[in-house]
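Below, each structure is written out as C-alpha cells.
Look for chain A in each of the two complexes below; its partner is chain B in the first and chain C in the second.
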Partner chain A sequence: MVHLSSLLLKNYHGGYVVIRLALAGHKQANRPFYRIVAAYNKRARDGKYIEQLGTYDPLPNIYNEKLVSFNFDRIKYWIGCGAHPTKPISKLLGLAGFFPLHPMTITEAERQRAQTEPIAAGPGDDLQQGQKEAEP
Partner chain B sequence: MAALGAARRLLRSFSRGKHAPKGGRVSVRCSTGTPCSGAQDKDAAKPQFTDPAVQDVLGRITGLDLQKVFRPVKEELKPPTYKLMTDEQLAQAVASATEQARKLLQMPPVLPERKPIDDVLSEEKILDGMDDAKYAFTDITYDIPHRERFIVVREPNGILRKATWEERDRLVQVYFPKVGRKLSAPLIFKEENLKMVFSQDRHEDVLDLCLVQFEPDSSDYIRVHAATYEDLDKHGKYELLRSTRHFGGMAWYLLNARRADGLIVDMLKRELSTPRRSLSGRATSSWPCRRTSSWLLRAVPNDRIPPPPIPPIEIYKFIKDEQKAAFCSFAPQWKGSCFFTSTQDVIHVEGDKSFVLSESNKQTNPNKELCTC
Partner chain C sequence: MFQVIGGRGVQVTRLLAPGRAVLVEAVRGRKSRTDTVAKSKQGRIKVPPPVDPTEMVVLKERYAEYEMITRALRLEFKEEVLRKKYEEETGSMAEEHRALMVFNDQENLRMLQQRVVRIQMEKEEAENKQVEAAIERELQQQEFIKEKEREILKLQEDAKNFITLENLDQRIEEALDSPKNYNFAVDKEGRVVKQTMLQ
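What follows is the complex of A and B.
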C-alpha cells in the first residue's frame, strides 16, 4: 500500500479536487451519515478535506424525509475552480434540480418500477388460483 | 319620546359638526341613525400596526413599571449586591434602567397570516416510484435571510416542489438552530393545555414561549395569541400583561375585533387622563363608537370638558379618590346635557342628580351618587 505522507501532500498538487460524500461518524455501526465535501482526489474517503459543502442523511426521519443540505454558493465556487462531482453527488444535485437529472436516476427508477409491478401482480394471481381450487 | 329623539339628533349633529373637521384621519361621516357603519369604509385611512404614531401610542399605554419588568427571573441563586450611590447616581441608574426596560418592552410584530406555499418547480413522471422517502434539499449558504432560502422537496412520484411553511421552519431550525425553539411544537400549545395554563394565570409565559417557538406570521402563532387575548378579555385580566411587551399586541387585537370596552374601563379604573386620550387618538378609525372617540380626542382645556358618553357614574366610581374632587368640579358643566352610553341609555345630568332614562324601561332612576361634593 502506498501512503502519501502529509508533508508530501501539502505540496503535491498533481491531483484534482472532487466533490464527494465522506462518511461521518464512521465509528458508529449501522447508522450512516455523509458529509458532502470538497477534497483532493487521492485523499482517504474520510480523511482531511478542503471544505465541507453540505450533508446527506440516507435514513428517512419521522416525516419520511431524507435530509440533504447543499451550500450552493461554495459548490458553484468549487465547480468553477474545476472540481469534479462524483456519481452520487451528481445524482443528488440532479434530484435537487441544481443539475439536470442523472441518467442513472431515471434508469434506477425504471428498474424499480419493473421490479414492483410483477410482484404486485404475482400474489394476486396465486390467490385467485387458490380460491378457484378451494371452491369446488 | 319625541324629546329623546330630538336630543339624540341634536347631540349627533353637535358631535358631527364639532368633530368632523377635527377628525384627523377620519374622513368618512356617519350616516344618520347608523353610528357604527362608518367604520367599514375606512380602509384607505386605516392605521396599520407598524405606523410610528400607532407604535408610539401603544408604547405609552403599555406603561413602564420597572418593578415588573425587572422582577426576579428564576436564575442561579446569588447573594444580592448593594451599591452606595448619591442621588445623582441613583437618578442615572434609574434612567439607564428605564432605557433598558424600553428595549425589553419592544413589541413583537403583528403580521397577517402567511399564505401557504404551493409552487411546483418541475414534474418528472419518469422518476415515479424511485424511492419510498422524499428528499428535502436545503440551501446552507450562510448569509441569505431565512425567508429567501431555497428549500425544495422531491417527492417519490417525481414532483419537485417548494417546501411548505412548516417544513421550512423545521429544516431551518435543523440547520440554523435558534435557542429555545423546538423542532416540533411543545404540547403546551394544544387547546386543552392552553386552558389549564390560563387558569393558572400564566398568559405571559405562554406568549413568551409562543414568540420563541413560532414565526410571527404563522397560523399557530396567531391562533395562540388570539386564544390568549380572548381569555384575557373574558376574565378581564388585563393587568397581567400591563408592563410587558405583549400589551400593545393585545390592545391592537381587541381594538381590531371591536371588543376593547373592557380594556378601556380597566384603564379608566387606574388612570384618568393621558392613556385614554392616546388610546382614542389611535382608535379613531377602528373604534366602534365614534361619539366616544371624538369625545376623547378633543383637545381639552382644563376648565371646559365636554360630557362623556360613558356614564359619569362609572367614571366616578372608578377614579381614584384624589381625582374625584377634580371630576366633581367639572361635572356640573354637563348639567342639562344628554349623552349616550354604549348601551343606548341616556343620562341626563341635573346638578347633583343624574337620571338614567332607559328606552326599554321608560323609567327614571335618580342616582344621587354623582357629585354630592
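What follows is the complex of A and C.
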C-alpha cells in the first residue's frame, strides 16, 4: 500500500517526530507484533505514521530468537532531522550496535545476575538483596 | 502522574537520595475530589521506588556517557543530512563551483598581497610624518624661545627710559620745559598740515 503521508502531513504546533514501536495487526489476540515507525508525537500509537523504519517481534521463534529489522539509512535521516527515539527503541538500537549500549540494559543485566547468583551460590549473598530492600 | 515527576525525561536519575519515603500530594487519577477512597486503599501511603545509591552513582555516570555519545551521533547525522541536501543542489554545478572557489581563493591572495604592500607604504608615510611633525615642533619651540628672549631684551632696554621716583622731578621739569603741539589740520583731499599757530 502506498502511503501518501509525505504529501499529506498535518502541521502540528510544537509537535516533533519520534521513532517508536507501534502495534501492528489487532486481528490476533495475544500475538503482538511491532513496527518501528517514525511518527508525530501527538498521533495515536497505532495511528498514521510518517514512515516505517523496521519491525520488532517480541515473541521468540522456534530457534529462540527475537527478530528485529532496521532501515539504518532512513533512521539516520530521521535522527538527523531531529527525531527522538523512545526508550525501547534506544535499547534495541543499542543491542544492535547502532547506538551505544543503553545504561538500563547493563543495569538490568547486573541486577538479574545479582539475583540469580544467590540462588546458584546458596543463601550467602543476601547482603545485596537486603541492601536493595533497605533503601526505601 | 505526580506533579513532581512530570513529562518525559530520565525519571530514574531524578531521585538520588531516597530520603523521603512519604509523598505529601495525593494523585488525581480516575476519581475526582469528591469520590470516596476504595476500601482496600484506605491507609495506603504511596512510596517512590527504592534506589540504591552506589548503583545510582554508577548509573549516572553511564547515562552521562551515553547521552554524550548519542548527542555526538545526532549532530553527525544532522551534518550528513545537510551535506546530502547541499550536494543535491550543487551536484550538477560541482565542477563550476570548484573552479569558482579556486578563482576566489586566487583573488583573495592577490588582494591580500596588494593590501600588505599598501599597509606597508602607509606605515612608512605615517612614520615620516611623525618625524617631520617632531622636527616642526622643535623648531616652533626654538622660535618661541627666541621671541621671548627678544622681548626680554627690548623690555630691558625700555626700562632705562622709565620714570622712577628719583627721575620724577627731573622728568616733570623736562616735560614742562618742552611743550608739544598735537594740533593739525586736514584738507578735504587728505593733506595733513602739522604747522599751526603756536601760542
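The rule is simple: the second predicted complex is superposed on the first by the 108 of 136 C-alpha atoms of A that agree within 3 Å, B and C clash if a C-alpha of one lies under 4 Å from a C-alpha of the other, contacts with A are read in each partner's own complex, and residues count from 1 in each chain.
Throughout what follows, a residue touches a chain if its C-beta (ideal position, glycine included) is under 8 Å from a C-beta of that chain, and two chains touch if they have at least 3 such contacts.
Quick caveat: nothing in here was measured; it's all calculated off a predicted structure.
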One more residue to check, A:R113. First (chain B), second (chain C), both or neither? first
Determine, under the contact definition given at the top, whether A:P103 touches first (chain B), second (chain C), both, or neither. second
Touch count on chain A, higher of chain B and chain C: B
Is A:L95 touching the first partner chain B, the second partner chain C, both, or neither of them? first
Let me test your reading of the model: by the given contact rule, A:G54 touches which partner, first (chain B), second (chain C), both or neither? first
Partner chain(s) touched by A:F70 [first = chain B, second = chain C, both, neither]: first
Which residues of chain A are in contact with chain B in one complex and with chain C in the other? 101, 106
Contact footprint of chain A on chain C as seen in their complex: 12, 18, 21, 47, 50-53, 55, 58-59, 62-63, 65-66, 69-70, 73-74, 77-82
Interface residues, chain A side, partner chain C - complex: 76-77, 79-82, 90, 99-104, 106-107, 131-133, 135-136
Can you name the residues of chain B that touch chain A in the complex? 121-122, 124, 126-142, 150, 152-154, 158, 160, 167, 170-171, 174-175
Could you list, by residue number, the parts of chain A that touch chain B in their complex? 54, 60, 63-74, 92, 95-97, 101, 105-106, 108-110, 112-113, 116
